[in-house]
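Below, each structure is written out as structure tokens.
Both complexes shown next keep chain A, but they swap its partner, so chain B is in the first and chain C is in the second.
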Partner chain A sequence: MPNTFSLIASSTVGAGGAASIDFTSIPSTYTDLNLVFSLRSSQAAASENIYVTFNGSTANFTARWFYGDGSAIGNSTTGRLIGFGTAANNTANTFGTTSLYIPNYAGSTNKSYSSDTVTENNATLAYTGLIAGLWSNTAAITSISIVPQTAPLFVQYSTAYLYGVKNA
Partner chain B sequence: MPNPTRIEINCETGVESIIELTDAEVAELAVQAEQAAVRKAEEDAAKAAEAEAKASAQAKLAALGLTADEIAALSK
Partner chain C sequence: MPAGSTYSTIATTTLGSNQSIVTFSSIPGTYTDLVLITNAATTVANKDVYMHFNSDSGSNYSRTVLYGNGSSAASDRAANVSFGWIDYLGWTGTTLGTQVCVVNIMNYSNSTTNKTFLSRANNAASAVDANVGMWRNTAAINRIDIGATTSGIFITGSTFTLYGITAA
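Up next, the complex of A and B:
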């Protein structure tokens, strides 16, 4: 069981916002990866879906996820979705937080991943979800990008932290 | 007006770069946003139709004489 966490890299979005946050040249020396991010988008909406790209690829993603929004539950199979961010209609200065775990990211088999995600909002409507996904590609993951589904930008003070996990 | 930027962090060097999107990338983002908006509208419409059908079915069951508890039991 992997039991060490090391911060590989992190980023905080500046005043101009960012269309994506891209981690490149990820070393293959760890067992697993854990990407933790806190994001808010500029879209005039109650939430923002966060999508992932591995090695620049948007293909061969499949997923199963379910969610609650404060009054109802639902499920879907949208691939590439790894979490929810807040958006412009949420309480000011709140963010959606997600932890994405990718085991055996440098191996030669297809890459599974899981994530848990929540949004903050001082209202009934706030999202929480669990996601299980698969990237059907045997290449080692060397880059990860996270992008908002609909908004042009992640806003200032959004953050992303990439951790490497390995056996002691 | 400059194009939006993206953040790129090289994990080997630790260097963070702010890179302006190309015109082609901006156009692609616009297409993706439009597609996402269409998908969301379709999903919202499907949810609304489902909720309407559920309410209609519950009203018909109530008209047949079922109690609210009996209708709720059928939904489980």
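Up next, the complex of A and C:
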């Protein structure tokens, strides 16, 4: 049976924290990518927005997304956001989880993606969100960086796993 | 998270010409769940992508959707409809790479329960959807026809892949 779903690379943040998590030299031999990450930032806040960079580019991202925080729904079209992490004001040792799916990442069309994201917190406020994103660029994606929005660090034990999905 | 040989490609197609219906037939009953990935566009924008199981176009489908367009979010419900919606407002575009849909069809091969599915549809120019659907039929799913509403036509280069997930 073919190995359809394969780990390309993974990253676990060490004791000093990390300003970003980067996957480089992504092979073009898969059909789709699935990036799964569990992140917490050092920012003194209730959550952290997680942004993406493809091939070092921060331009030409668009999105439609909404989220619930336990009492209300918020909406946005802010591009580059692919998920939420927990932050320093959340319950200790709790991380936000996101699954980002990118079909045809090595093709010659613009790159659309789908993301599901949650945080958890032993308090009244936590987040769940759905994100539709588009990077209007026809280049094959060869590198992905994920960064916190407000320049804190991802804390120790944050993880990210990049899988390749192969349809043949 | 799937790993290794538990996640297998059943069939995949990249359209070589415009096509109104994409069919996966003779789906083996040897998996536990199905995953369908579509990265499609249509000749006319804003089409809904839908499924028929086992060629059933009767009023045997229902769905509940949660959706957001970047400025508001809402829910909608439909029962006794003649197809299984994959998207709601996360419509198709006319450019390849605009829309991505991820569909999970659970326990598709048993002959004792009605069939349910979850779909996430994404178009960064229109909306993001989370949809739960049901087909009121206990038959094992052995065929899926994918179409676009109101005589929509998928364009050349649209991709459709069906994966099987094995629990054991």
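As a working rule, the second predicted complex is superposed on the first by the 163 of 168 C-alpha atoms of A that agree within 3 Å, B and C clash if a C-alpha of one lies under 4 Å from a C-alpha of the other, contacts with A are read in each partner's own complex, and residues count from 1 in each chain.
Note that contacts are C-beta pairs under 8 Å (C-beta built on N, C-alpha and C of every residue); 3 or more make two chains touch, one makes a residue touch a chain.
Quick caveat: nothing in here was measured; it's all calculated off a predicted structure.
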Check: Would chain B and chain C fit next to each other on chain A once aligned, or clash?
Finding: fit
Next item on the list: Check whether A:A59 is in contact with chain B, with chain C, with both or with neither, and answer first, second, both or neither.
Entry: neither
Checklist line | Which superposed partner A:A44 touches (first chain B, second chain C, both, neither) | finding: neither
Check: First (chain B), second (chain C), both or neither: which does A:L125 touch?
Finding: neither
Margin query: If we overlay the two complexes on their shared chain A, which of chain B and chain C does A:N110 touch? Say first, second, both or neither.
Written below: second
Check: Between the C-alpha centres of chain B and chain C, what angle is found at the C-alpha centre of chain A, to the nearest 10 degrees?
Finding: 110
Margin query: Tell me which partner touches more residues of chain A in the superposed arrangement, chain B or chain C.
Written below: C
Item checked: Minimum C-alpha spacing, chains overlaid - chain B and chain C, in Å -> 10
Next item on the list: Enumerate the contact residues on chain A facing chain B in the complex.
Entry: 8-11, 13-14, 16-27, 49, 74, 149-153, 162
Next item on the list: Using the touch definition up top, name the residues of chain C that touch chain A in the complex.
Entry: 1-9, 12, 37, 39, 66, 68-73, 90, 95-102, 120-130, 157, 159, 161, 163
Item checked: Touching residues (chain side chain A, partner chain C) in the complex -> 1-6, 31-32, 36, 62-66, 73, 75-77, 79, 101, 103-104, 107, 109-114, 116, 130-134, 138, 163, 165-168
Next item on the list: In the complex, go through chain B and note every residue touching chain A.
Entry: 4-14, 16, 18, 21, 25, 29, 32-33, 36-37, 40, 47
